[in-house]
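Pasting a structure here, questions to come.
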Amino acid sequence: MSAPGLTLAGIFPPVTTPFARDESVDFDSLAANLKKYNATKLAGYVILGSTGESVYLRDEEKLKILEAAREAAAPEKILIAGTGAEATAETIELTRRAATLGYRAALVRTPAYFKPQMTEQALERHFLDVAEASPIPLLVYSVPQFTGVAVEAGLAARLGRHPNIVGIKESSGNVGRVAQMVHLSPPGFQVLVGSATTLLPSLAVGVTGAILAVACVLPELCTELYEAYGQGQYARARALQRKLLEPTVAVTSLFGVAGLKFAMDFRGYAGGWPRRPLRPLDEAAKAELLRIFRAFDPSN
Amino acid sequence: MSAPGLTLAGIFPPVTTPFARDESVDFDSLAANLKKYNATKLAGYVILGSTGESVYLRDEEKLKILEAAREAAAPEKILIAGTGAEATAETIELTRRAATLGYRAALVRTPAYFKPQMTEQALERHFLDVAEASPIPLLVYSVPQFTGVAVEAGLAARLGRHPNIVGIKESSGNVGRVAQMVHLSPPGFQVLVGSATTLLPSLAVGVTGAILAVACVLPELCTELYEAYGQGQYARARALQRKLLEPTVAVTSLFGVAGLKFAMDFRGYAGGWPRRPLRPLDEAAKAELLRIFRAFDPSN
Amino acid sequence: MSAPGLTLAGIFPPVTTPFARDESVDFDSLAANLKKYNATKLAGYVILGSTGESVYLRDEEKLKILEAAREAAAPEKILIAGTGAEATAETIELTRRAATLGYRAALVRTPAYFKPQMTEQALERHFLDVAEASPIPLLVYSVPQFTGVAVEAGLAARLGRHPNIVGIKESSGNVGRVAQMVHLSPPGFQVLVGSATTLLPSLAVGVTGAILAVACVLPELCTELYEAYGQGQYARARALQRKLLEPTVAVTSLFGVAGLKFAMDFRGYAGGWPRRPLRPLDEAAKAELLRIFRAFDPSN
Amino acid sequence: MSAPGLTLAGIFPPVTTPFARDESVDFDSLAANLKKYNATKLAGYVILGSTGESVYLRDEEKLKILEAAREAAAPEKILIAGTGAEATAETIELTRRAATLGYRAALVRTPAYFKPQMTEQALERHFLDVAEASPIPLLVYSVPQFTGVAVEAGLAARLGRHPNIVGIKESSGNVGRVAQMVHLSPPGFQVLVGSATTLLPSLAVGVTGAILAVACVLPELCTELYEAYGQGQYARARALQRKLLEPTVAVTSLFGVAGLKFAMDFRGYAGGWPRRPLRPLDEAAKAELLRIFRAFDPSN
C-alpha cells in the first residue's frame, strides 16, 4: 500500500477555484490558469485545498473540478487532491474518488468541529483510518489558523511511521514546530510548509517543499526562491524572501482569497469572484493590492 | 416575510442522530427517542444541530432525518432545523428544504473557516442574505467553542432588526454577553442559551429558553428548572441548577456526544454509536458516566 | 489560625489610588473618597486591588496607602488588602504588614509570569504557603483577563479546605465557573464575583458578595441591586442589573482605570490621573463617558 | 542621546540568579558563573532578564545583582540590564541606575497588566518615554508567552526610528514576525531572537544575534551555531540547530528556570534553587534532564 518514490519537493500552489458572478464554477478559467502554470517550474498542483474554497463546494462540484484540473495539468506536474472532510468515512470516500481520477496524493485536513474531543488520539485514529483505506498516499494537513486544531511534532512523527502517510503540510508558520517535525519524523517523511512568509527559514530547517497561496499569483518568485536556496545562493534567497513578504500577507491574512483572486486578475490569471460568505473587496483594498502588485512586472 | 408569533420559549433538545455500528443512520431509534420526548414538557426539537453531528452528515441523510423527525414529533412541538453550512448559498438551499418539510425555524451557524475574513460585516451580510431568502424565520447560532467565531451582542442586536431573524442561540456560556444581547436587542428578539451550566443565571438575565444537549438525556430535570424559575421558585431552581452541573459537563466538554449517547442508552433512550472521528468511550469514561447518571432515577 | 466568622457579604469597591498630575499619590483625595463611601451601604473596601493600580506602586507607597485607608475608613467597614506579588516570599511579607496595620483579610492574586510553570500544583502550593504564614485569612484572586492565569473550580475547592483561605474573588465573569466553585467548595467558602456585568446571575448561583470597580463610582446602584436580590425583588434586581451594564463596560474593558477615574471626577469623587503606562483619556472617550454617566443623577 | 556603534551581535545568555536554599541571592555563585562565561565566545550578558527571575527580585536585590555582575564580567563583554517594570516611572528609575552602574543597554519588557489598555499607542508612548529619559540605549523586549502582550512588526519599526532605541528582543519564536521586523525596521535596528529553537531560521531572515536561556548551560553550542552560520557553513549550522532542539525545550517551556538551573548544576555551573512560586523539580523531571544533558560532554 505504500508509495515509494513519491517525492513532494518544490513549490505547489493550492489552486483557486474561479467562480462566475453567479457563484457557479468557471471551468474554463480553471483550465486556463493551469495551462499558464504548466509553463512554470511549479512542481505540481493542490486541487481543492483551503485556497480552492473547498469548504464552499458541493460534492458533485468537487469531482468535476478534480477532473477538469487533471485534464488541464501537464503530465509532469504532481497532482494532489484536498479530500479532507469532518467525517472520517466521507474523507475516505472522496480520497478514493481522487485516486480513481488519477491523483497522486491526498491532502487531508484535521477534523476540527468538536474541539474538546479532537485529542491527539482521535486525530491519530482518523488519519490512520484514512491511510489504511486510501489507494494513494496521504499528506496530513494542519492549518490551525482556520481550524483551531494543530498537529504537533510528536503526532506528526507517529503518523509518519505509517507507510501510506508520506508527509505533512504545516500551515501555521510556526518554524520551531516545523523544525521539530523535521527532527522527530522518520527518514523520508516530507514536511511541506504552508506559509510563504516563512519559506526560507523553513527551508533552512529542512522542509522539502511548500504549498503556498501566493504561488497562485507569483509562481516564478516562489520557484526562484526555492531554487536559489537549493543552489546555495543564500543572499539571493534572502532578498527574494523579503520580496515575498508584503504580497504574501496581502493575499492571505489581510485580504484572503478575495484578495488573491483580485491580484490574479491583475497579473493575467483568471481570479474571478469568491463564493459567499467571502465578500468582494472594497475599493481601499483593491487600491492597496494594486500598489503592491504593480511592483511585480511580468518578468518576475 | 416575518413570522409574528413564533415564540421560542422553554427547553429544546438538540436531538442526537443515532447511528448503527456501521455508522449508518438508525431512523427507528431516532423516531423512538422523539416519541419519548413527546411525552415530556419539552417545547420542541432542534434537528441537525451540533449535537446531532450534522457536520458528519451528507446532504441526502440530512433531508431524510428532517423528514423522519417531523413524522415522529408530536404536532405541538416546535420543529427547528439546523441548516448552517460554510457557504451562504448552500445554507439557503438547505433552509428552503427544511421549510418545505414543515420546519418552523432554521438554526444557522456562523460560517467560520476563513477566520480573518469572518468579520462582523461578513457575518452580518451572510445572515441577512439567508434571512432574505428563507421562507421561515432564522435563529442565529453562535458556538465559539466549536467554530472559533463568536457573535457579539452588538451584531446580534443589529441582526435582530431584520423581521425574519427572531433570535439567537448563544452557546458560549458567557452570561455577561448573554445579558448584553438581551439588553441591546430589539423587543421580541429571543435569546436562547445553549449551555446548561448557566441555565438559571441566563434566565435571571432574561433569556426566553434554552437548547441544551443534556436535555436529550435529562429532559425532565431541564423543564423542571425552567418551570421552577418561571413560577418564582428560586430556591428550588437553584437546587435543580446544581443538580444539572455534573451531568452537563459530563455529556458536553468532558465526554462530548459519545458520552451523551452512552448516558442516553443507560437512561432508556437510543444513544448508539458516534460517527468517526468521534471515538467510542473507554471503560474509565463509561464508569464515570454510570456513577453520575445512576443518581438520576426514572422519577427525575 | 482560622478566622471564624469573617463574612464577606455585600459589595466592596476595589478602591482607586488617586494620583496628582506628577504621578505622586494624593493621600487627601484617597481619604476624601473613603469618607464618602463610609456613608453608603458598601460592606468594606479592597485597598491595593487591580483597580488601585497596585502593579504600579512601590512598596513604601503601598504601606502608606494601607495606613491612610485604614485611618479614613469607618470602623464598621471590612478592610481587605491586596497583597499579591509574583514571588511567594514577597507576598507573605506584604500580607504580614497588612495584618499589622489592621486589615481583616488579604486578597492574593495568582502569580502569573512563567505561565507554563504556573500549574495547578504550583498555584496550590503558593496559596498554601501564604495561607500558612499569614496572620489574617486569604481571599484567592483569579483575574485571567489581566494575568492570563485562571483558578478553576477544582483548585478553588481544594484551597477552600485550608482554614485560613476563606474565599475567592472570581473576576473572569465566567458564571458557569462561578457556579461550579459554589457547588464544589466546602461549606462556608465564600465566592465573590469581580464582574458587575454578571452580578445578578452570579448571585443567582450563590455568590455571597462582589468586588466591583464600578462600585467606586456608582456604589449606591451596586448595593441597591445586592439588596433587591436579597429581599427577593427579582424584577427590580433585573432592572438594576440592566442599568449597570453600560457604565460597567465603560469603566472596565472599554476605558479602564482612566475611564473609571474620569467618571469618578464627574460624580463628585476624586478620580485624578492614572499612572503611566496608562494614558489619560482622549476627548471622544470623555464625551462617551459623560453621555453614559449623565444618566446617573446624584439620587442614585 | 543616541548610541552610535552599539552592536548587539552574537549570543547573550539571560543570566540566571542563583539562590541559596533559603531563597537569598547567592552572589558568589553568580560571580563564578560569569567567570566561566568570560572564557567563552558569548558576546555579553543580560542581567535581570526573565530567566534571571527578575519578577521575583526586590529593588535592592536588583541593584546588588547588577553591581556584582558588572564586577565579575570581563571588560569586553557587553552588559545589558533588564529594567522593565509595569510602571513607566519605575522603569525609568531602574534604567538610570543601570546606566550609572556601567550597563551599556537596557532591556525593557512590555508592560502588560491592564491588557485591554495596552494598545499599540500606549506601548509606543511607554517605550518613547523611557527612551527619552534613559542615558543608555534601549532594547525593546517582547515575550508574549509570559506577558500576553506582543510587539508587532509595525510597532517595532516605528520604535526603531527613535535614536535611543537600538533594537528588540523578540522571544515569541514567530519567525514570520521576526522576518517582518527585519524587513520593516530602519537600517541599523537590531533584531535579536529570544528562542533557541528558531535560532538558525531567524539568522536566515536577518537577526543580528540572540538572547537564549539555553546559552546559560550550553554556551559553546550556541556560539558555534552562530559562527557556523556566519561563516557560511550551513550544513553544520543545521546539524547544530538540531542538537539544540531537545535541550532548549527542556530548559524553557517544559521545565522552565528550575530545569535550566538543574542542568547548569549538572554541567558545572552554579544553578541553585529557583524562587517560589517556582518549585524544585520532581525526580522524573530530573531523570529526563540527565538523559538529555548527558549527551553534551564537556568538549561541546
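Chains here go by letter, A, B, C and D, matching the order in which they are written, and residues are numbered from 1 within each.
Here is the rule we go by: a residue touches a chain if its C-beta (ideal position, glycine included) is under 8 Å from a C-beta of that chain, and two chains touch if they have at least 3 such contacts.
All values reported here derive from a predicted model rather than from experimental measurement.
Trainee: Touching chain C and chain D alike: which chains?
Mentor: Both-contact set = empty.
Trainee: Farthest from chain A in C-alpha centre terms, which chain would that be?
Mentor: C
Trainee: Express in whole angstrom the distance between the two chain centres, defined as the mean CA positions of chain B and chain D.
Mentor: 50
Trainee: If you average the Cα atoms of chain A and of chain D to get two centres, how far apart are those centres in Å?
Mentor: That gives a centre separation of 36 Å.
Trainee: Line, ring, star, complete or other: which describes how these chains touch one another?
Mentor: Graph shape here is a ring: one loop, exactly two partners per chain.
Trainee: Spell out all pairs of chains that touch, sorted by label.
Mentor: Every pair of chains in contact is listed here: A-B, A-D, B-C, C-D.
Trainee: Enumerate the contact residues on chain B facing chain A in the complex.
Mentor: Against chain A, chain B makes touches at 23, 50, 55-59, 86-90, 111, 113-118, 121-123, 125-126, 129, 145-146, 148, 253-254, 256-258, 275-279.
Trainee: So in the complex, which bits of chain B are touching chain C?
Mentor: Checking each residue of chain B against chain C gives 173-176, 179-180, 183, 195, 197-198, 200-202, 204-206, 232, 234, 238, 241-242, 245.
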